[in-house]
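Two complexes follow with chain A in common, the first pairing it with chain B and the second with chain C.
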Partner chain A sequence: MSLLVAQEIYKSFGGNKVLQGVSLEVSQGETLGIVGPNGSGKTTLINVLSGVIKPDSGVVVFGGRDITHWRPHRRAKLGIGRTYQITRLFANLTAIENVMIPLHYGSRQEASQERIEEILQMVGLSHKKENYASDLSLAQRKRLELARALALNPKLLLLDEVFAGLNPVAVQEIVSLIQELKNKLGITIVIVEHVLKALSQLADRVVVLAEGRLIFEGKYEDMVKDKEVIKAYLGERYGASA
Partner chain B sequence: MDTGLQLLIESLLLGGFYSFMAVGFALIWGVLNILNLAYGSYIILGAYLSLFLFRYAGLDPILSIPVSFATGFLFGILVQKLIFNRAMKLEPFMVLIISFGLDVLISNALNLLFKADVRSINVSYGGDSFLLGEVIISKVKLLVFVLSLLLTFALYLFLNRTWTGKAIRAVALDRDGAMLVGINPSQIFLITAGLGTAISFSSGNLYGILQGFTPFDGGLLTVKVFLISILGGLGRIESAVAGGFLLAFIEIFSSFYMGEGWKLFVALAVMVGVLIFRPRGLLGSKYYGEAQ
Partner chain C sequence: MEKLSKLVLVLTLLMYPLPLILSGYWERVLASVFMLTSLTYAQNVLLGYTGYPAFGAIAFFGVGGYATAILMIKAGLPFGVALIVGGLVASLLAFAIAPALMRLKSHYFAITTLALQIALAELFANLDITGGAYGINLPIYRGFLGTQIFYHIFLSILLGSFLVNLFIEKSRFGYALKAIREDEIAAESSGVNTVLFKSVAFGIMAFITGLVGGTYAYWITYIDPESMFDPLLSVKMFVALLFGGVGTVAGPFIGAFSLELVSELVWSKFVELHGVVLGVIILLVILLLPGGVLKSRSG
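After this line comes the complex of A and B, so read on.
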């Protein structure tokens, strides 16, 4: 069964048509990768799914409910968590507080010490729990952002370029972490990613966006051979000769 | 008698009040990103409210602080709902103009009701003072100082220990981030506007027993809370407290050594210096322009 359905999403900023009729479905427990060149509308799509941006037209359905007009805080309560390409943590709050707030406000769970500890443990940050978010390294901030999303008890995680700016070792660590979350908690994941190696390890299925349209949908292995995709990334000449 | 020490004590006593007076303004600025130019008039409104209760109900201005707080809270929520919620969707400049209009409206309404005469709340303990070593301490100033610190500390506890307080801080730090973890910012805006206005009204009670006031004193108070927020920085209560004490020191010392007329000049000059060399203020956790 599809947990998330987006139908015919259109979004323009001024004259710039960023999304031009994007439709996709994500099944329960599946990990869907979204790739595409810069400016192809990936982040806008994530913003539409998390409710930060309202689409001009189109419908977003989550767990059978039309949430197109829901604001982000209501979606959070439904169990839609997200991370940002550039982390949006509460810089002047501690790691504990960053996790405690979504526990209380988002998933309406009791924000007990044990639960907070458990979540921080899961992302490997229990040794940094008293630190302010602003004092953490980039890789740690990414982990904390994952922890914050996990505190929502999410059914769906939207990950926007988690690996951006990380070194290969940190990338591999976070790949393992996400795999663990997927296997242990069975969370459905939509992941936007430029680091294709990481994506190949995580995604069950991949869609490719180019100029606001879906040009490919299928297995990762097929994507790298697809002529349309190569053309979108490398231009006409390479696409023709590939 | 040691003049320096006396001035120091005076500065401390005044600084405590200034901190409390400004903390509501800084809160509204930091969380809602509204520079509320009517804030000074809110303080004066609180002063007249406590004068009214003192005259006609015999209620001591200290005892009527809860009344002012509650009235301010409701008033703040009402103004936010009716005016600022709409204005915030427009350009930031509109909010500034509207709050200025509100300031004119309030001061003139007070003028119609109470006339332009200087009013004061003459509490029975108003004139007393005592000697501590060689320093003269006014009982009223000490009382206002202690109450200001207590109320500021209560606000500190509220922001740090309660869920609503944490949500307010989260919204101040990152509005979008707060929404993503399930916080409804509209609700937090209302509470913050109510709380900030409640603080302004309550500080009006204290202002009223410290000195005389007229309906048009709000403008100068707005300048002061603005100065305090710039000097101390935004984002934390500690910042407003630091700014409040700093402004009090500047005012007391410059008016003693240079003359009363110089104090605002010196304070504004220091503010310009702070803006150039340390735009985050003494303890500010974020540059005021970064407040979303």
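After this line comes the complex of A and C, so read on.
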């Protein structure tokens, strides 16, 4: 069964048509990768799914409910968690406080000390719990954003370039962490990523966006051989010779 | 921090019996110190905890003052009732305009609130019910408590606004405001209804500011648009807050007390030059203590 359905999403910023009729479905428990060149509309799509941006037209359905006009805080309460390409933490609050806020306001769970510690433990930040978010390294900030999303007790996680700017070791650590979340908690994941190696390990299925349209949908192995995709990523010449 | 909050509480409570030994002059000076402190605490709810600088917050001082005066004169309500209703009028106005106004951030928001203050001053100078540019005369308080009553009302508003700040610092409600201050989009994604919470914060600020305005109106017994929408009061409130420490519980108290007491001393010693001296003090604060005396994480 599809947990998330987006139908015919259109979004323009002024004359810039960012999304031009994108439709996709994500099944319960599935991990969907979204790939595409810079400016192809990946982040805008995530913003539409999480409610940060309203689409010009189109419908977003989550768990059978039309949530197209829902504000992000209501989607969060419904179980849609997300991270941001450039981390958006509560910089002058501690790691504990960063997790406590979504736990209390998003998941309506008791924001007990044990639960907070459990979540921080899960993302490997127990030793930094008293630190201010602004004092953490990039990799730690990405982990804390993940923890904040997990505090919502999410059914769906939207991950926008979690691996950007991380070194290969950190990438591998976070890949294992996400795999664990997927296997242990059964969370459905939509992941936007440029780091294809990481994506190949995580995604059950991949879609490719180019200039606001879906140009490919299928297995990761097929994507890297697809002529359309190579053309969009590397340009006409390489597309022709491939 | 913890200790300083306790100290503020103890000092505030100790000031209740002071009029027994104070001269009328010091009673008035302290009453105006309490007034500024309360206004600074009100602003701290918004700027310090929610991250929205309402530079024209004095708009609600004026609305509270005028509402209290009109309710007393035209509706014949006793002062206590008129004051509370006046505060509620100010906060309802704030709550109603907040969802639209608070789409703006930082200096855009600050300037728009200032525009609101100027617009209301013009409006009140031209309405019949507000007495136009002539303003309104209020009855003089002749109760058995004498002028001390204003000292005690201002002190009680100060105590109340301090407790509101303390509650915000410690509570879950406060964390919603802090999340908005830190990153509004992330706050939404964390399940915080940002429009609701920032409107409530704006309403709390306006309620306290309105109560101070209402008490001030009855205290000076004559109000006009110029005195009730005085931009200098906004400036003082912001300087006090920046000096004391934005987003701290003890900061507004420290800032407002030092600023108002120094300003009073300077004024009595240098009648001609007090504006210059105050300007120099403000500059020194900016140069030497950019985060305020109590630097908070958000400062």
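As a convention for this text, the second predicted complex is superposed on the first by the 242 of 242 C-alpha atoms of A that agree within 3 Å, B and C clash if a C-alpha of one lies under 4 Å from a C-alpha of the other, contacts with A are read in each partner's own complex, and residues count from 1 in each chain.
Just so it is clear, contacts are C-beta pairs under 8 Å (C-beta built on N, C-alpha and C of every residue); 3 or more make two chains touch, one makes a residue touch a chain.
These figures come from a predicted structure and were not determined experimentally.
K.L.:
Please tell me, clash or fit, for chain B and chain C sharing chain A in the overlay.
P.N.:
With chain A as the common anchor, chain B and chain C collide in the superposed model.
K.L.:
Which partner does A:V52 contact after superposing on A: first (chain B), second (chain C), both, neither?
P.N.:
both
K.L.:
With the two structures laid over each other on chain A, which partner does A:K17 touch: chain B (first), chain C (second), both, or neither?
P.N.:
neither
K.L.:
Let me test your reading of the model: by the given contact rule, A:P102 touches which partner, first (chain B), second (chain C), both or neither?
P.N.:
both
K.L.:
Check chain A for residues that touch chain B in one structure and chain C in the other, and list them.
P.N.:
Touching chain B in the first complex and chain C in the second, residues 50-52, 71-73, 76-77, 81-82, 88-93, 97, 100-102, 104-107, 148-149, 151-152 of chain A appear in both lists.
K.L.:
For the complex, which residues does chain A have touching chain B?
P.N.:
Chain A residues touching chain B: 50-52, 71-73, 76-77, 81-82, 88-93, 97, 100-102, 104-107, 148-149, 151-152.
K.L.:
Given the complex with chain A, which residues does chain C contribute to the contact?
P.N.:
Touch list, chain C to chain A: 172, 175-176, 178-179, 182-183, 185-195, 296-298.
K.L.:
Applying the document's contact rule, which stretches of chain A touch chain C when the two form their complex?
P.N.:
Spelled out, the residues of chain A in touch with chain C are 50-52, 71-73, 76-77, 81-82, 84, 88-93, 97, 100-102, 104-107, 111, 132, 148-149, 151-152.
K.L.:
Residues of chain B touching chain A in their complex?
P.N.:
Residue list for chain B touching chain A: 163, 166-167, 169-170, 173-174, 176-185, 235-236, 285.
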